[in-house]
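Below are structures written as structure tokens.
Next, two complexes with chain A in common: one pairs it with chain B, the other with chain C.
Then we have the complex of A and B:
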């Protein structure tokens, strides 16, 4: 791996916030970190960009690293254009280059028509797109985006992902954290966290193939290792023995992460 | 008789029509999902059905009665902000809500929450807070339950358990209307109502809503220029499983842009992709 974290642990006030987490970040690739509230996603993002002190392990990142915090980082009293110009000045970009780059980003994000609107007047989706535009303005080698899609509707989310995908295509390493597990398929690798520990990690096909035991679908609840999914039940057999009256199915990512959480709870 | 009914429900704010002649029903024992982009009118619709906002036109009916005539004890509601008191313990929150409705508080042991009864709500995880809010909302055994984004920010196992409880509540005869941003959760609903710009654009089971909508899957190398051209032609490009998916263009249009060296196939749209097509 080019950059990332290796066997990193962090303690907050005697409690582990991250335990033995490894994540590789490579140019042109998108890594997606998924998990619920309190899983450790923000801590991991902050660790990678150097905002947290680690207890154990190693962190590496390029000099040109950009970070978009969960709050989007947009100044509410500046207009769209002023937000971008302010960041450009902060990086001391050459004025004519900055102008071209800002116009290009306004075009790609379709924020051109909102260029004179104040940050506070932008919709949630527009604000997040502006936040990502501000983060890529300086052409970083590594882009870290903390929950850019939380609370956005599916249309805004797809637009934002399209922009993120484009940023990776330009050769950037990208880390995106998300509370939506289905967004993991938009990346190259996934890291699922819960309570600071890794539930699953790697390329999605490997993660799916690596689930221990077997998974079944049933019309009824099948004891403690089963959970509702849509109009039927999933049932996990940890030792691989068949479950009577249930049909075996190939797990998807949501299943694998749920199984890992269940296995952790039962051990 | 339907338990929840919007009948040509309309709400304007000045010149803006937030909800426009919306009609749907939720029957007893049913879970219906209300989905739509931000600003589509979901929360406004829920607020009218709860009697918190008067409609500009049409009717919000609960058990076939106009909402203004309905005893609010038949209704339970979990708002996005959960509506719990962070400085009270879990048990105190439940007792307070039960006392307000003039009923006795439900047993926390029965809900599997006995261990956290004496913890302050402000000190427990979001997943647990959501479960507590849900127990509070149905503590007075309502026949109608309205949930605004009930699983937002909860991990996958926590979400599966919340849905299990929602389904059990419906199975006991409660009509449940739920809004969500998680497209995969649409499958947990018996039916969904998809809103855009205040109107219904589709409704039915997830399968029925996807219907004949197709996406285009592109396999193999695709040049930057081709991807840009897809965007310029009105398509949305997404990365998926090491390939690309395009919505908004048909298979021939995509084939012409990417050229003969990539495999281009028409594939069944995911619900999320169907949502994008229907919302635009």
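Then we have the complex of A and C:
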């Protein structure tokens, strides 16, 4: 891997916040960290950008690393344009290059009409897009985005992901954390966390193929290792034996993460 | 309703800092301010100058604590002792005439001295008194220089601490931490507007005090400006320090008020330091506003110059360096806790 964390552990007040986490970040690739509240996503993002002290392991990042915090990182009492101009000055960008880059980003994010609107007057989706635009403005080698899509409507999420994908296509390594498991498929690699420990990690196809046991779908609950999804029930057979009355299906990422959590509880 | 009451009690119980403030602080404040709140003047630092200085000094009422009795000293020397703050009353003996020069910048001491001397003048022929610097003993002339300091405390400490905490609450401090700013750049950038606003406030307060309330400006701008800048560093540094131990703006306000209150009560602006019980007086000597008040009153009312105010200016500078240095160190550590542990 080019950058990332290797066997990193962090303790907060005697409790592990991250345990033995490894994640590679490579140019042109998107890594998605998924997990619920308290899974350790924000801690991992903050660790990679140097905002947390690690207890064990190694962290590496390029000098040109940008970060969008969970809160969007937008200054609410500056306008869209002022936010971008401040970041450009902070990174000491050449004035004419900065102007062109800001116009380009305002165009891509469709924030041009809101250029003179204060940060606090932007909608959630616009604020997050501005946050990502601020993070990519300096053309970083590594872009770390902490839950940029949380709380956004589906259309805003799509627009934001399109912008993030474009950033990766420009050759930068991108790390995105999300509470939405379905967003992991938009990345090249996924890391699923729970309580600071890794449930699953790797390329999406490998993670799907690597699920232990077999997965079934049924009309009814099938023992302890089953969970409801939509109108039906998923049932996991850890030893691979068939489940009567249930039909085997190929797991998706949500299933694999749930199975990893179940397997962890049972071991 | 019972559910609501129970909920509130639970919330109050869990907000330990507020609870401590609500229960412990009133007791502490009452004890501290109870011993501090006194206008009674029991000691007035005094010098005696001129012929028979020693003989006169032995006959002075007990309230005058004689710092020196010099038969070779002149009236000019005695006035200088008042300007430098060495003494607040100077008896100048010239043959049968004894003139008590009273420092009008120390209101309560001056009032007490006038009372005692007026009462004694019936028994001591030739005794007269003269109030210098603030002849009418105007309260505003004595209070306004100190009030300028109080305004710096509020703007500098309260507003700065809230501003830094607001940045942290909004998550934008993390953004700054990752940008290629040095911690000192962020620190200086954060406090710069408040430095300017507080500076404008001081100028406004002192201008209004001079023009509207006839506060005299007998001295030079230099010691006052130097003292004000040093005091600003203290106040802004304290604001950043408070922000570093506050999780939210409400906590920052609480802490800022807790640092402002003792400065109001114990810095000598309202109650004379010499009237306070020794058990609380030492707190006053640890407070930066005490020294700013001495500098401002000295420069404005008594016409003291830079050389006359070296001690309070020196102490203010030391406090400024200590508090500002501590604030920069803590702020830097909080801004980039892990920089040293990672590699590119």
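In this section, the second predicted complex is superposed on the first by the 267 of 267 C-alpha atoms of A that agree within 3 Å, B and C clash if a C-alpha of one lies under 4 Å from a C-alpha of the other, contacts with A are read in each partner's own complex, and residues count from 1 in each chain.
Keep this in mind: contacts are C-beta pairs under 8 Å (C-beta built on N, C-alpha and C of every residue); 3 or more make two chains touch, one makes a residue touch a chain.
These figures come from a predicted structure and were not determined experimentally.
J.: First (chain B), second (chain C), both or neither: which does A:121 touch?
T.: A:121 contacts neither chain B nor chain C.
J.: On the A-aligned overlay, A:66 touches which partner chain: chain B = first, chain C = second, or both, or neither?
T.: second
J.: What is the contact status of A:30 with respect to chain B (first) and chain C (second): first, second, both, or neither?
T.: first
J.: Which of the two partners, first being chain B and second being chain C, lies in contact with A:58: first, second, both, or neither?
T.: second
J.: For A:266, decide between first (touching chain B), second (touching chain C), both and neither.
T.: Neither: A:266 stays clear of chain B and chain C.
J.: Which partner, chain B or chain C, touches the larger number of chain A residues?
T.: Ranking chain B and chain C by residues of chain A touched puts B first.
J.: Classify the contacts of A:47 with the two partner chains as first (chain B alone), second (chain C alone), both, or neither.
T.: second
J.: What residues on chain C touch chain A, complex-wise?
T.: 170-172, 174-181, 336-339, 341-344
J.: Touching chain B in the complex: which residues of chain A?
T.: Of all residues in chain A, those touching chain B are 30, 35-39, 123-125, 150-156, 158-159, 161-162, 165-166, 168-169, 179-182, 185-188, 194, 204-205, 227-231, 254, 257-258, 261-262, 265.
J.: Under the definition above, what is the set of chain B residues touching chain A in their complex?
T.: Answer in residue numbers: 36-40, 125-127, 152-161, 163-164, 167, 181-184, 187-188, 190, 224, 227, 231, 236-242, 247, 272, 275-276, 279-280.
J.: Which bits of chain A are touching chain C when the two form their complex?
T.: 46-47, 49-54, 58-63, 65-76, 87, 90-92, 134
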